[in-house]
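Just dropping this structure here.
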Amino acid sequence: MADDGIWNVYLAGEIHSDWRRRIADGVSEAGLPVRLLAPVTDHGASDDVGVEILGLEQEGFWKDHKGAGVNALRTQTMLRRADVVVVRFGEEYRQWNAAFDAGFAAALGKPIVTLHDSGLTHALKEVDRAAMATAQAPEQVVEILRYATVKE
Amino acid sequence: MADDGIWNVYLAGEIHSDWRRRIADGVSEAGLPVRLLAPVTDHGASDDVGVEILGLEQEGFWKDHKGAGVNALRTQTMLRRADVVVVRFGEEYRQWNAAFDAGFAAALGKPIVTLHDSGLTHALKEVDRAAMATAQAPEQVVEILRYATVKE
Amino acid sequence: MADDGIWNVYLAGEIHSDWRRRIADGVSEAGLPVRLLAPVTDHGASDDVGVEILGLEQEGFWKDHKGAGVNALRTQTMLRRADVVVVRFGEEYRQWNAAFDAGFAAALGKPIVTLHDSGLTHALKEVDRAAMATAQAPEQVVEILRYATVKE
Amino acid sequence: MADDGIWNVYLAGEIHSDWRRRIADGVSEAGLPVRLLAPVTDHGASDDVGVEILGLEQEGFWKDHKGAGVNALRTQTMLRRADVVVVRFGEEYRQWNAAFDAGFAAALGKPIVTLHDSGLTHALKEVDRAAMATAQAPEQVVEILRYATVKE
Amino acid sequence: MADDGIWNVYLAGEIHSDWRRRIADGVSEAGLPVRLLAPVTDHGASDDVGVEILGLEQEGFWKDHKGAGVNALRTQTMLRRADVVVVRFGEEYRQWNAAFDAGFAAALGKPIVTLHDSGLTHALKEVDRAAMATAQAPEQVVEILRYATVKE
Amino acid sequence: MADDGIWNVYLAGEIHSDWRRRIADGVSEAGLPVRLLAPVTDHGASDDVGVEILGLEQEGFWKDHKGAGVNALRTQTMLRRADVVVVRFGEEYRQWNAAFDAGFAAALGKPIVTLHDSGLTHALKEVDRAAMATAQAPEQVVEILRYATVKE
Amino acid sequence: MADDGIWNVYLAGEIHSDWRRRIADGVSEAGLPVRLLAPVTDHGASDDVGVEILGLEQEGFWKDHKGAGVNALRTQTMLRRADVVVVRFGEEYRQWNAAFDAGFAAALGKPIVTLHDSGLTHALKEVDRAAMATAQAPEQVVEILRYATVKE
Amino acid sequence: MADDGIWNVYLAGEIHSDWRRRIADGVSEAGLPVRLLAPVTDHGASDDVGVEILGLEQEGFWKDHKGAGVNALRTQTMLRRADVVVVRFGEEYRQWNAAFDAGFAAALGKPIVTLHDSGLTHALKEVDRAAMATAQAPEQVVEILRYATVKE
């Protein structure tokens, strides 16, 4: 909860479905005192940001390294400022960065909400164990935020 | 003391008497720069929130577990943001969550005020020892907040 | 895990049953690399230590306050050094100090194991939620320690 | 570096190849002042530990939850004690717990070494960015440990 | 520096001379972005606050204890929020609380400015050593604040 | 990111070129939610501030010591408040204070951006390794800030 | 409590009476697992250590500054390692360093025992409030340490 | 001071003169309870360690980056474990890593001793200000360590 009474909620993980928009819509409709934070969700821009700004690389490893640095500057700042961290896992990709963000948040003592289908339950058991809640739909996350921020 | 000069005061513990309202009234009448924070005080809603939002459970243990997670997401965020933590113990129930909140606040270095009748003194000696003040009436808490925030 | 490879395990809570001895026996029989720490479990000595060492008090509140200070000097040092905190709740007394210790440990990021009968489940839901495991028998705690310290 | 001059090195991640043994052999042959720590690597035991010790569950989610709690009690203690955290990613499974451990270590300021084949480079870019070194073979990790601990 | 760009400056120590007013006047005249914080400077009110609010005590020790608790609730909150801590030592009284506040601030990593006559130099050498500056007049403190907050 | 959604960016290092102005211009033109912080960049004023405010010194060492204290009061406060720390190294002077600021920021877990010509790469390898990005032109820093703060 | 089961107890404050020896004798006679730490108690050596090792100074302020730096290197290291901090106040001198050490220890969350005659009670109320116990004789401190370290 | 009563002293900075050996000889001759820690002082090995262990790089920047990572794994672990950090600046090279280490140590609250000729005083004023002592000869550092560790 920020000093203005608004909660900073960081939405980590999957960038290929509309879950962030659905949470944003729910928060907006409910008029919750919540500020949503997120990584850059334009996949191409995120992959290329390092070489775009700082110069080309020949090796893929270093191209990725540069890009990951610029993204981490953003995401770690947001993670440190967040009151709640929501981490979404989808079916595609390995999404190790989502799990990394969850571990980072856990070590900082941030409350975590995981969001994923039940088919991923066993694979995500360590991450879910570190969470205060595990949801399957974005609307459930909105309900949790409503309960946390304005329920009396 | 938040950056806007307002103190965040978290009111932990008993939810079955009017002590929070009496403190709120006192703070309001005195015009103190205090933002009161609290857990959800609707007992039924608090007990059921886990299964309400995240789906039914057959086992009471897991129903409680789910609900406690959603409540902890709220209370731990508020505890971490609080400048002062007031912890109220009543005659009913075992109120282990109130003592838990007090221990949590103590380890974070937050100043604690305990609020309870003198009949509970011996049972609460460890918690009272960790507090900066032990009050018996909500109005005393208001006076402490007045002294802390606006007395010159 | 201390630098000598030994785990410091603090046994908080109830002092009127033999649960600490049963854990100590189990740890000893299994030859686990575990150093058990505990508060003073002699109830009378614990209650009187303040006035015994530092002088009599007329008011019960201050007698308790003195005693709680000396006990806290011991218990908070042990809590800070512990790798794992086991918290036992029994049927007798309100045991607010046990819940306080659990909250203190939780805020420090220490893994907690709670130990209590199933009849206390609802009352302890917030404390159990903060724990890595909830056991009903001391022998289960020994098994957890065996798994944590020597299982390959 | 522990007080006895020995470095605690936690080996996180994949449990289905012989990478831990190869590091252990290398450390042993070189006589390095290194104490290797690891999660339980018996997959079945790790999956079942929760219900084995604490009682059966009907729901897979809660069975996993119980097991993950007992495992986390071990792994988070070791992570907090570690001087260096090596995180291995293999081809099989999603290994979100490995990425979670890496994020946890990063937030604690622990130096990380990642270990994986070059084919995983792009998928692991965020984790590799948080690491001090990225190796492809266990023997390279041994060389890093040799350099860190005994090279003059 | 608070999020609104204003610096919180805590003025600890002596309450029997006009040094706080002189700093306040200087800050005001210079229009500095500084919020001045202070303990209660009404000596009688400060001494009596414990028993005034929480009930009379027979023993002077416990009267002082109660009062010191309420004052600490205020001062430690302000110390934790302060960007800069100014500590004033005068000729009268032993002022152990001023030195205590300085030690508290030092351990939190807060920059300290000490303010005292040159006659106290040897007695205050440990406190001065922990300070970023040692001034003899309040106007010097104002100049330091001007330099820190608005000088380009 | 401050509670008002604005990022505090501290610009450490070289004070003899126009790099800070170029970043300020870029931030301003792009309308970024960024608050730029900086040490005093008037070299003479910075060198003399100690003796100017606190009295003359005969020894150069103590003149420097006094001045460095007043400057550190400003810079360490800003470093602690910063979300991002940009550190500029130029060709002139040894600039040990810039590297000191970088180390200070690194230990606090702040994301760092280094800014220097490629000729300094080898000499700055340890500082660059601790940075999330290494830029050669102020305009690249502006692009990084744009990406971090407003890119969607 | 150190990893070898021994408690580090730092004895701060007065260096002109035999209180440290009396505690040392008591600890030794009782065979307590306690390692006693202390500042240099040779007053002359302590005052002169800065100029003795690092070269003469003309100004008393800087002579003191140098000496206080070397002493702080010792005392702050010991304070950070201490499990318990005993702070002794005597009748002579202003002893601001003792109160500074107490404040430093308090902010670090170290349990404090104060030791002084009852005549100093009012002047030391803030320091005593931060302590877990206030003793008047060294033998009482030994009893507290016995209770904390070996009582069952 | 480690749990075995030995102080960990990290010797940062210049690797081209015999200052570390002179401190080691002094410590050894005096029989001080001090464990000396250091970066790898073989310049070539230090520069090449990254590519030696982890594979060649075409770009100098990335060769340096790899090497600096492996070195940082060692030095940051030692810095975190150190009780005292000695930082040596010589005439050659820019030694930004030495100043970086000093800033890193300062932010962690480690006592620092700087060691350099008087000709570097003005350039090092910020670093010296953060130090508890500034020496010109290694033998002075030995005397400081003797005073800190064994003087009574």
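Should a chain be cited, it is by its letter among A, B, C, D, E, F, G and H, assigned in written order, with residues numbered from 1 in that chain.
One rule holds for everything that comes next: contacts are C-beta pairs under 8 Å (C-beta built on N, C-alpha and C of every residue); 3 or more make two chains touch, one makes a residue touch a chain.
Not measured: the values here are computed from a predicted model.
Engineer: Scan B-C, B-E or C-D for the interface that duplicates F-H, counting it as a duplicate when over half of the contact pairs agree by residue number.
Structural biologist: Equivalent contacts to F-H are found in B-C.
Engineer: For the chain pairs C-D and B-C, which is connected through the larger number of C-beta pairs in contact?
Structural biologist: Most contacts of the two pairs: B-C.
Engineer: If you average the CA coordinates per chain, which chain's centre is most distant from that of chain E?
Structural biologist: D
Engineer: What is the distance, in whole Å, between the centres of chain D and chain F, each centre taken as the mean of its C-alpha atoms?
Structural biologist: 36
Engineer: Taking each chain's centre as the mean of its CA atoms, how far is chain A from chain F in angstrom?
Structural biologist: Between these chains, centre-to-centre, one finds 30 Å.
Engineer: Which positions in chain C are in touch with at least two other chains?
Structural biologist: In chain C, 3-4, 69, 72, 109, 134 touch at least two other chains.
Engineer: So in the complex, which bits of chain E are touching chain B?
Structural biologist: Within the complex, chain E touches chain B at residues 2-4, 6, 8, 35, 37-38, 40-42, 45, 49-50, 52-54, 66, 69-70, 72-74, 76-78, 80-81.
Engineer: Spell out the part of chain D that touches chain H in their complex, as residue ranges.
Structural biologist: 1, 3-5, 7, 83-84, 109, 111, 113, 131-135, 140, 143-144, 147-149, 151-152
Engineer: For chain D, which residues count as touching chain A in their complex?
Structural biologist: Within the complex, chain D touches chain A at residues 60-61, 64-65, 67-69, 71-72, 89, 93-108, 118, 121-130, 134.
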